[in-house]
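For reference, chains read A, B, C and D in written order, and residue numbers begin at 1 within each chain.
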Amino acid sequence: MSSVLDVVLSSAFLAAVLRIATPYLLAAFGGLVAERAGISNIALEGQMLSAACTGALVAGYSGSVALGAVSGVAVATLLGVLLAALRLELGADAIIAGIGLNLLASGGTAYAVYSLLDDKGGTSGLKSGSLPSITLPGVENVPVLGDALSGQNLVTWLAFLAAPFVAWLFYRTRFGFHLRAVGEMPDAAESVGIAVRRVQYTGLALSGALAGLAGVFLSMGYVSFFVRDMTAGRGFIALAAVFLGGLRPWGVFLAALGFGAAEALAVQLGTLDVPPQLVSTIPYVMTLVALALYAWRRKRRGRAVPAAASL
Amino acid sequence: MTTTPMTAIETEDRRQYRATRRRDFAVDLSMALATILAALAIGFLVMLATGNDPVRAYEVMLTGPLERSFRVGRWLEDATTLTLLGLSVAIPFRARQISLGAESQVYAGALAAATVAIFVPLPPVVAVIVPMAAAAAAGAGMGLVPGAMKARLGANEIVATLMLNAIVVRVYDYLVNGPLKASGSSAVHSESIQQDSALTPLSDWFGVPLGRANIGFGVMLLTAAALWLLINRTPLGYRIRMTGANPDFAAYGGIRVPRVIEWSFVIGGAVAGLAGAHLVQGVYGRLEPGLAGSLAFEGIVVALLARNNPLVVVIAGLFYSYLRAGGDIMEQQTDVGTEIVVVIQAVIVLLVTAQALPNLLKRRIARRQVGVR
Amino acid sequence: DDSGASSSGKPRIKLVLNGGLGDKSFFDSAYAGLKKAEKDLGYDLKVVELGSDRTKWEPGFEDAASADDYDILAAGTFDVTDYIGKLAPEFPDKKFWVFDAPVDYSGKNGACSNKCENVYSVTFKQNEGGYLAGFLAEKLVAAKALKGAESLKKVGVMGGVKIPLIEDFVVGFTSGFQAAGGKKSDVLVQYVGGDKPFGDPAKGKEISTAMYGQGAALVWPVAGLSGLGTFESAVSAERYAFGVDSDQYQTLTDQAQKNTVVTSILKNVGNALYKAAQDDQKDTLKYGTVSTVGLAEDAVGYVNDDHFKELVPEKIRTELQEAADKVRSGSVTVPSAL
Amino acid sequence: MMNEPWGKDGPAVAARQVTKTYANGVRAVRSVDLEVPPGEIRAVVGENGAGKSTLMKMFYGLEQPSAGAILVGGRTRVLRGPASAIALGVGMVHQNLMLVPSFTVAQNVVLGVEPGRRGLVDPKAAVETTARLAEESGLTVDPRARVEEVSVGMRQRTEILKALHRKARVLILDEPTAVLTPQETEDLFAAVRRLRDGGMTVLFISHKLREVLEISDKVSVMRAGSLVGTVATADATERSLASMMVGRDLSLDVERSPARPTETTLRVRSLGYEAPTGQWLHGLDFDVAAGEIVGVAGIEGNGQSELAEILAGLRRPGTGTVHLDGTDTAGLDVAGHRGAGIGYVPEDRLYNGAALDASIADNLVVDRHDRPPLARRGVLYPGAVRAHAEELIDEYAIRTPDPSVPVRALSGGNLQKVIVARELSAGPRLLIASQVTRGVDIGAMRFMYERLVAARDAGAAVLLISADLTELLALSDRLLVLKDGRLVARFDDTTGLTEKRVGLYMLGVEEHDRDQLTAGLDTLTAGPEDLGETT
């Protein structure tokens, strides 16, 4: 047991937590922005995937990592706008449209990679490079934390900046006010002349961009190539973090970070002689327990709202 | 004044209201078809753009599933599972509970059905029913967890169900690879179920090969009808509907909302459990890893497509399964690759709930009538 | 219509995959072998990908088998043996090749009612490849031959999922490692698992990183595309890796990553299928039987290229060669998980 | 923004041959011609569902006319949404409040026109602006409180402040006074007059004809979607307006025979309650007998809602006991309370009074859906539900084409009738009626008064809670006054009682002593059989 403790307190473990949490954080913030704008973004997974694919392909062909990253984020942004358009212009159900976009991204990326590279697996045959890692000067000298922080990818830093950014956006800016009003009471927002649709489009675009950044991290930071369906369900974990975090920026931050930590722990415990499938349930069991405990505590503190109203 | 006699205007209103309702229904129906056609047209363009022969591809996709009897069987078998899973989420959806838990429930159901059907010797007929009941019970139990967490603690059901899916799928995987794995087999699956527990294949009844389709199809139809009756013809159904419409109103009216929420999860879970039983007793005859494929997720599409109306879920399930089957046949018989098949299915899913067209048409009709008078 | 009878009169092979191409593993390898057969031997090749959704497999095979657009249907993995066992008797005029798993020729459970006399199965002794990998790994760490990792004693194996086929690699590895004098506890074994066990390179990288962190001098990924993450983490950890299934020194594009690859343990499904194609043309392919191929048949082996020679001292290379010969000759039997 | 060109002269707002048909076929407004010159306060009156709100929504761009033209500032305008109306200087206070619940009062007031620079919001400036505005207009609010936690009255005041804040040239007030106290209404009227004198045009909708006569310059009357006429306020009386509205003469007086109370139905002793948010209750003692209407007066937010919800079983009391016909209601859930014979007309019909997207028929059976004749042996009979609805629609004159119409499509007054119909038809032993006539037209109001009195005479105990003192004085046989969660006054005879006098108690200027408050109550603590439990 003490070895587990050693592992958990090591800087390598902390570094792993930061890495693993990066896509969760970004995608979860994407989900949060969309949810607060009143349109559930189930398409996080597809947006990540498209961004990952576009990023690797563009970087590979153009030789510019930056261009690749920007194109990846741009494609995911467009998918966010597309989701908003399907919902707002065509009146499609947001959840179904999101599922449809995920399917589209899965098929579309596979097709793009196959027709460009004649490889059904991914872009590993194309040299596309990674976004730079950043070491703040002097940060290595901080004990434990220093080693964990130094050399983290640019996107990881961005992911951690996303929390204060989204909090600032929501609670300090005019746009954030309008976004929250639109998501909570579209009629009220409309009645004061807020361009509800425009706010929702913008929110979904931002949501897509954040998810896109998460995707770009997967194919241009975590590893340096794209693999078919490489998001592997991360978009849905991010979605869970959105709700687990109570739809609040710092709550979502903690939830996504918690997922990162739990998964890092599962990875570290993976070599123990326990069936691997059972070890890999750790993050989810922990989440479920945390969810129950949190809800129980909140209930005990006596909320006025009945349970059913918290939908 | 107590009762005012009905004025001319009121009579007119009433007539017009009824006419509008009739018209809206007709418009809804024809527009549903029109949206599907529009989606197919976009798929057509996708195929043209990717250098495929769309006419041939569509011919194969749309007629393929009916061409051979075993393909019909494959369609019905797939639709059975898919519809049951669609129904299983439609019920909590009616109570406005966003349950994504069909996956955990179907695997729990499959495990329970298989455990009974493999290990417990039972007389004929009972051997079919008991595993199904066990599956329904296991699914219901798996539904009760997020249901109770939501109802009693207010814990978000989306998170709870997503987490439970992840856990159950992994535990299932462990069991199929470990304790329940058929001994002496290198392939990963359980022992086969006892002969008596198998759901009778439809082939036996119709005398033509119908693949793995079995009387589970009938069970599915009965389940849908029963759920429709439950929702529309029972007090519990009323409570579910009102809880979904406005939980505060329901609570004010004396409905114990937490109970209703739990029931909606439990009933949904039981139905998903039945889907698991269908997979084990009708389709595979044993446990296999990942046996539900992506059906649990696609059940959500089917439920939403049908606006959570149990009878419509059957139609939506048959429709969606037909697309799945047609897409696979298209990939086998034409040069259209799997990726493009997925893209076309995606386009159909994206557009199939678009309501803009029907609404536009309705508005146009309404406006024309104003103009006439 | 799906007759499409070969106008050229060439024998038609239909490769039906319960998964998809691009796995950088046995499906790709099978495809490559059959592609070669198409080119060199005059076959027609068609590929059907059924995807990873298991609900579609059995109907997919049924459809594939009942169409009249092939002469030989090739399919692989344990998951398909039951399907082929049922379909082969229904289509006695067609031939079936099953790779990586045998159909049940005994005809139990209703399958193979014609004793599967039109089915040729070929299986691989991946445990022998694992044995060599484990043997080499222990020799390398024992001799402190790996630059920058001299102080380390441990090695890692990263599997995709814990299924018998993958465990066969692992069991072989562990026995090879012990045969060379290593301790079993120095072999770290971990599985990727999750939603995409063979397609999540990010998770693969994370697990490899953890293994290097726990003191592994080298990691051998047996996890398809997830394994690609291993080479990336090997670069940042400045450690080593083995490739699997195909020569990964060749397929990787990044020089730094190439440099981490000591060798690749080959399991040559493609070669075996190519050979089957050759034999079939000569009418010498033994239908109704399973042929099990391993080191002796050159269906399993390791890459012995310049890079390998550069990294591995002469002495160890010789010892590895000797170990391989012993397995070949049968004087050493490698335990199996199958 | 507000500098869009206005015509030099001509009406400030006008409708020309405007018709509106909703998507479901309901024709709410029929060929209406209406002109309001600048600087006029124009009242619009009409029965529930006459189309007043619909017409106003078209002026504000929330609905688009199906035919005809809307004029603002003398010119024909195409208003695609509120934004275009706001740009033209139109402001509106909506009948159904349009506030963001999780925002504070101040945030709601400034929403859309937030103070601050470069895209940021200055929260302090928002609070200051709101506080200043509240002071100027006499509409007191707590700028920092979250809207979901404040009383309906404060929400209404917030909504008005929101419109005032925008400095509109045309201000539409759709029933702004329904939940205001008389004093607040006074203050609002003063503010409105000031604005009118500054050149603003005001469109004012109310069912309280007395207010209409007090504030407006002219009155337009609508009936069944059409405009039936416009009269100068000086020439109008309540009676004349009422008969224009309904198309025939209508008596406005409530005839109420003296009450004949019998035995005690509701017995409340030492009731205390600690509300998580909102008003606490302290040691309430009172009785309500069968056959009497007991009014509860008080300024909104002094514990009326809490009291009503405790009695209805929606909240659990902290201390004390509640007995209904001698049975302790502690431990009963809502269904138990209903089963014991308690009916409740909730104050906020949109929050929990109805399920807006459910049909009228379904809304009418929530408390009886599992009983014969609607359900038998676990089977619900939709035919019976429909027949039940048709009966009540008929009896309560609910204006709707069909029982399957979702209640969302009903006008406010008709929605209120659905709720009252449901609660009264249950034949309650105790009816708690909270703001029963809020937003209800005078015909319906009279009708509900009659119903309440009839229920009383049939032996029900009625606890009437209202912000409308006129209503309370007109209906109550006895009157209680709540202030800060305490009973401060009890009038056992309401004849001759004036609004002014009651107002003194509501404001806390005067207070009855404890003896008067508890005179004649049998046991002052809990009932003897419950003593053990409460200590």
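We take it that contacts are C-beta pairs under 8 Å (C-beta built on N, C-alpha and C of every residue); 3 or more make two chains touch, one makes a residue touch a chain.
Keep in mind it's a predicted model, so treat the numbers as computed, not measured.
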Between A-D and A-B, the pair with more C-beta contacts: A-B
Whole-Å gap separating chain C and chain D, where each centre is the average of the chain's CA atoms: 75
Chain A and chain B, separation of their C-alpha mean positions in angstrom: 29
Where chain A and chain D are represented by their mean Cα positions, the distance between them in whole Å: 45
Cα-centroid distance, chain A relative to chain C, in whole angstrom: 34
Junction residues of chain A - those touching two or more other chains: 114, 275, 277, 280, 303
Where chain C touches two or more other chains, by residue: 20, 161-162, 193
Residue list for chain B, restricted to those that touch at least two other chains: 170, 173, 177, 248, 250-251, 337-338, 359
Which pairs of chains touch, using the document's own definition: A-B, A-C, A-D, B-C, B-D
Contacting residues of chain B [partner chain C, same complex]: 68, 70-71, 74, 77-78, 81, 170, 173, 177, 186-188, 192, 211-212, 283, 288-295, 324-325, 328-329, 331-333, 337-338
Residues of chain B defined as touching chain A within the complex: 50, 96-98, 149-156, 158-160, 162-164, 166-167, 170-171, 173-174, 177-178, 243, 247-248, 250-251, 257-258, 261, 297, 300-301, 304-305, 337-343, 345-357, 359
Residues of chain A defined as touching chain D within the complex: 172-178, 180-181, 184-185, 187-195, 302-304
For the chain A and chain C complex, residues of the former touching the latter: 10, 12, 16, 19-20, 23, 114, 119-122, 124-127, 218, 222-225, 227-230, 232-233, 264, 267-268, 270-271, 275-277, 280
Touching residues on chain D, where the partner in the complex is chain A: 60, 62, 81-83, 85-87, 92, 94, 98-103, 107-108, 111-114, 116, 119-121, 162, 275-277
